[in-house]
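Next, two complexes with chain A in common: one pairs it with chain B, the other with chain C.
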Partner chain A sequence: MKQTASIISTYASDVSGVCSALYELGGMTVMHDPSGCNSTYNTHDEPRWYDFDSLIFISALSEMEAIMGDDDRLIEEVVETALQLKPKFIAIAGSPVPMVIGTDFKAIARVIEKKSGIPCFGFTTNGMHSYLSGAGMAFEAFAQRMVDPADKAEGKHRVNILGATPLDFSVNGSVDSIKIWLEQNGFEVNSCWAMGSELEDLVHSGRADVNLVVSQSGLKAAKVLNKQFGTPFVMGVPVGLDCSKLLAERLIQAEQSGQCSTSFTRNVVNGEEDIVLIAESIYGCSLASAIEQKTGKNVRVICPLEGEKDILMPHDVFATDEVELMPVLEKAKIIIADPLYQPICPKDAKFIPLAHEAFSGRIYRSEIPNMIGEGFNHWFAEHIGG
Partner chain B sequence: MIKIAVYGKGGIGKSTTVSNLSAVLAKNGFKVMQIGCDPKADSTSTLRDGKPMNTVLDLVRTKKNDFALEDMVTEGFGGVICVEAGGPTPGLGCAGRGIIAALEKLKEKGAYETYQPDIVFYDVLGDVVCGGFTMPMRDGYADKVFVVTSGENMSIHAAANIAVAVDQFKDRGYAQLGGLILNRRNVKNEEEKVQELAEDIESKIVGSLSRSEYVQDADAMHKTVIEAFPESDMAKEYTLLAQSILAECGREVSLC
Partner chain C sequence: MLKSVWNFTDDSGAAVKISEAMFPSPFHSGLEYGAPARGCWNIVHTGMLIPEAHQVFVCASGCLRGVVLTAAEMGAAHRFSTVEIRENNVLDGDMEELIIDGVSDVLSRLPKLPPAVLIYTSCIHHFMGCDLPRVYRILREKFPGVAFTDCYMNPIMRKSGATPDELMRRQLYSLLEETTKDPKSVNIIGNDLAFEQDSDHIELIKNSGWTLRDITACKSYDEYKEMSKASFNIYNIPAARLSAMQLERRLGQSCLYMPQCFGYDEISRSMEQLAEMLGIKPLNDAAKRKAADNSLEKALSVIGDTPIAIDYTFSFRPLSLTRLLLEKGFRVTEVYADGFIAEERADFEWLQQNHPELKICATLHAKRRVLSRQREEKILALGQKAAYFTGTDYFVNLVEGGGLYGFNGIIKLAGLMAEGYLTPKDTRKLIQIKGMGSEGCCL
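Up next, the complex of A and B:
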């Protein structure tokens, strides 16, 4: 059955994506949804919940409020709370019920902003899209609204990391490793959207010379910053030593030429592929490049989420549900994927678990590897070997 | 780009009026897009000789996203770009949500950028009964709302409700009330009653249309009055109304 997950899990939704993207920035995020649904985000999609305070609320939308289209209680309570807590911004994110009744989040945000005097964003999330869509629209809105237009690049090899959330990179040190790797390669981290950076860092993103897009969720913001400041961007994650080296070169080239690019070096496959990898598109293409370079084997990336068609190879595929995934996996000999994909994989295939927080939440969190730079080599030696 | 939403009680003559306005403006060299926001999908009927056309929601329902912008539009009289939102089967689904989905799809497919119309008309079903019917007046859609009314009490009541809704939404950045269009039914004290309404809602009558057989005759021919009877007095009334509406939207032009 199409659009159905009867065996495998589903990815974190767009609402979680908004919350995750904005979690560390000192704002106040309100999910407009019936009460109870906040734990879906807080306890399953947010590993920082118990260690890092953030103003995350649920509106507790009632049946009668939905029927009557009563936005006033939401507006009043958000304004009252915001005036007490003084967040740096407010974000309201929709869910399926407001979507069905056509709630106008842009208008609600406008009213809240007028009443509270605090910048307010309204996101038309509806729970029907993945976290990449939600995080993407949050980062995009931030780039459009919060970044200081007076800034400009100063030729100091500054980089913004765009699209870093625990839903893709967990909290296993991967994002810190990306920052260290950038510094080791002569770059200065201007800001990280949005793990380990203050709001103020993001506000001055226009000072960067080049942007590094590490997941699909950072791409829209990268395009906004490219349009506004002319900042070029490179898509890629520094997985493995060789591919990391290439990514560093591409960042320098982009800085010099102003041209956007990717850092993927993939095999052109005419016959059958040796390895199938299910992953987010930018991370997946980066990891596939590293595996192909190390083994000479062909990797097919299956992207089960929103992604850019242009960065995939012709033999890669977008497949979003079980009906589409199972035929693609049928002949695979080696499959690298989140453990919750294993039940739909052929039993005679070698299954290499690669947990993805956005898919399996906290279940395998402790097993999610840090693949940045040399980290990939350790993982490779353990799971694929010679 | 001037974007106008036209509201009013069901059966008051919104589609007839809007189609004639589109025809006048197209005849005067403007690029016009008329979007019918009604499940009946008959807003643009007289601009396209009553011929059938795809509705946006039928396309979405049958083809998901696998269709082009051109599939959603039909070129009508004078090059008017005709769009019909469509909607669910009567008695089922949610017509208001349907309008939201259709207008979002139109935007997503780049309708405004591709056709770059000078004037867009949203011809909206009846009263503002739920959130979906405010969609055409939301930020990014219409800039001005015009309400068609006669002097009949039910029509005046509906027009007053629409005006209240527009006023309530002013903080939301929605469209502003442009004025009332008096579509005469020749009831007693008609002009006075509608004038009183205009004063109550702090607006004005931007134009009035006579009750004319030309309208019914043109409709029977599946044409607008502008196309079927271009020299008639009724055609002149539509021309004057179009001129007046454009003036309310900040565009002073002389139309013929």
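Up next, the complex of A and C:
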């Protein structure tokens, strides 16, 4: 049946997505939860936890508060702590129990903001959606609320990178490599949502000429910025030299035309595919595109998370449950996926591990490759070759 | 990229002199921070102590993530499955069917049926009024060869009634059934870590010719079931009290609490009680006391007046340990704990009277995230959280008492303190390993 996993892991949740997205921006994020979300997030979903002090807390929701619908303690504690620690903004994110009791996070956020004088966001997360959903709503809300509407693009090839979190890009230098790649191609990095940028950089995102959406979590913010400033966006990750070149061209085209696009050139498959790749949709399509170009082989992307159907090829699939995944994997000759998927892969298939922090957490962190630009070629030579 | 953007020095509310502290809860309970010291065991680690048993967690994906990766990190993913609760289940109210169908599906796909299955339900089941007795009745009918037990991942209950930790330890022994007793056998229950074989109580039991059983030493499910034969149970961890009470009621096994204390007289009293239960004369422990004194003196000659910080993950009785060390001339300056168990009161009051400047420091308080973790002088930490919060690489890396007990435990501890003082450790790496002592953890 669906919803059961006799063997495999599960992806980071929407609550973790909110925390991860806002981690470096100087705010204070409170998970409204009794306890478990905190250790899950800071152990498995947040590689920056030990070295980078960010104000991420839990509310320590108790049984009686939940039964009595007591939001007052949450509000008081958040306001008191915020007044002591002085974050630049506050975010409250829900977990399963607040969903069951119908907690109104938007209203709570309004009360906190009024009492503290600090901008406050309320996110109706519930631990039942993936990190992409949570990070996406955090970035979207930030774009709607915090970005300076007075800014405008000045035609200086400025780019915002949207959707960069360690859950998709780990802390292995991939995001820095994207920035370097942009600069090498004549762009200026205006901001990175949200690794390695200050809150003030994001506030002035309206100065960018084009937005580069590197994961699904950046897409909603891209649409807000497109609506607000007319900034076009391109979806893609600069994986491999050939695909990176195409992505740079698409960014320039978007800047000139104002039209949004993707950077994938995928094979149209009628028969069986040679390679199956399990990944987040934008990263997966970028990597599949690079592999197809290099090998001429067909790649089928399995997206186990939320994603835009439009960017997938007809032979790609969304599959979240073990029982949905196993039939798709059954005939695969080569499977590229996080190592924690291996137990459900056929034994006669060649398995190429590609760890994903959002799935296996810290277990294989040291093995997550930096696929940006030339990095892909090294990985390709090691794992796929001719 | 990595940096601290905060520069916070005001620790009011997050630290207090013991002379001004309230017992048992010195701090206001507010928003909570989680330090990256992860050596203590969680309910997955503890549940894995039943050999050959399979765990099925039923909860939202966000709650599943922490436990599924715990199992993966300890190399036990093959003994672990999940059933995910989605929004439609909450709205449709089909929680019972989801558990029954989900667990049935999981079991049907395992290579072979396990002898026992631990099903962990969550906070949602509690709030939705899930009919768990019906669930277990149906599952037992469907799988008569499998012993099911109800476990709980409901942290919302940690401040009311039995805590998830207490429930876990109770359920860990719930599969033991009434059987013919072996009158000269005893169990140690509730501990995650095996005791050192020369711990005072283990030594006494073995020397008196009794059979000792401990879940940490069981290699098979059958061996675990043998624990039903014991005539009495010893427990050392406060959270195992519920378990001991239930086994006394259910199986007629009386119990003896031997607290994880460090006061010489308290240890002697516990050992006398054990001797009585074993039907032997109490041993004269004068030589052991002297040996413990000698070891502590030797450690003191190495450590001198270096400040020492102790935390509650190191021992369930951090104040008892603090008192011992202060009495023996060590310079304990701070204790990291958010609250104390009732049996710490006497030590708390003694410390208030005799060392009023001792600092009690919260670990969960939000300010703890941004207060400096750097010290100008060398500090020796006993415990992972104390090491983290004081930024030291000189520490004794033990959790939950580390399997030490009695005078021999103190002798070993003194040696570890001297070693911890002399040899720096990779604190960052060591304290982040989850479930210290559970097998296969990796980072």
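The rule we apply is simple: the second predicted complex is superposed on the first by the 384 of 386 C-alpha atoms of A that agree within 3 Å, B and C clash if a C-alpha of one lies under 4 Å from a C-alpha of the other, contacts with A are read in each partner's own complex, and residues count from 1 in each chain.
By definition in this document, a residue touches a chain if its C-beta (ideal position, glycine included) is under 8 Å from a C-beta of that chain, and two chains touch if they have at least 3 such contacts.
These numbers come from a predicted model, not from an experiment.
A.B. asks: Here chain A is shared; do chain B and chain C fit on it together or clash?
C.D. replies: fit
A.B. asks: Quick one: is A:R110 in contact with chain B, with chain C, with both, or with neither? Answer first, second, both or neither.
C.D. replies: It touches chain B, and chain C stays clear.
A.B. asks: With both structures placed on chain A, which of the two partners, chain B or chain C, ends up touching more residues of chain A?
C.D. replies: Tallying touched residues of chain A, the top partner is C.
A.B. asks: Using the superposition on chain A described above, determine whether A:K333 touches chain B (first), chain C (second), both, or neither.
C.D. replies: A:K333 contacts neither chain B nor chain C.
A.B. asks: Identify the partner contact of A:K297: answer first if only chain B is touched, second if only chain C is, both if each is, neither if none is.
C.D. replies: It touches nothing on chain B or chain C.
A.B. asks: For A:S35, decide between first (touching chain B), second (touching chain C), both and neither.
C.D. replies: second
A.B. asks: Could you tell me if A:G102 is touching chain B, chain C, both of them or neither one (first, second, both, neither)?
C.D. replies: In the superposed model, A:G102 contacts chain B only, not chain C.
A.B. asks: Determine, under the contact definition given at the top, whether A:K152 touches first (chain B), second (chain C), both, or neither.
C.D. replies: It touches nothing on chain B or chain C.
A.B. asks: Taking CA centres after the superposition, what's the angle at chain A between the directions to chain B and chain C, given in steps of 10 degrees?
C.D. replies: Taking the centre of chain A as apex, the angle works out to 90 degrees.
A.B. asks: Could you grab the smallest C-alpha gap between chain B and chain C in the overlay, to the nearest Å?
C.D. replies: Comparing every C-alpha of chain B with every C-alpha of chain C, the smallest gap is 5 Å.
A.B. asks: For chain A, what residues appear in both contact lists, the one with chain B and the one with chain C?
C.D. replies: On chain A, the overlap between the chain B and chain C contacts is residues 100-101.
A.B. asks: Which residues of chain A touch chain C in the complex?
C.D. replies: 1, 3-7, 9-16, 26, 30, 34-40, 42-45, 48-55, 57-64, 66, 77-78, 80-81, 84-85, 95-97, 99-101, 126-130, 171, 176, 195-196, 340, 343, 360-363
A.B. asks: Contact residues on chain A for chain B in the complex?
C.D. replies: 69, 100-104, 106-108, 110-111, 114
A.B. asks: How about chain C: which of its residues touch chain A in the complex?
C.D. replies: 1-6, 8, 29-34, 36, 38, 42, 59-66, 68-69, 72-73, 77-78, 81-87, 90, 98, 101-102, 105-106, 109-110, 122-124, 126-128, 153-160, 364, 366-367, 369-370, 428, 432, 434, 442-443
A.B. asks: Going by the contact rule at the top, pick out the chain B residues touching chain A in the complex.
C.D. replies: Against chain A, chain B makes touches at 94, 96-97, 100, 130-132, 134-135, 138-140, 169, 171-174.
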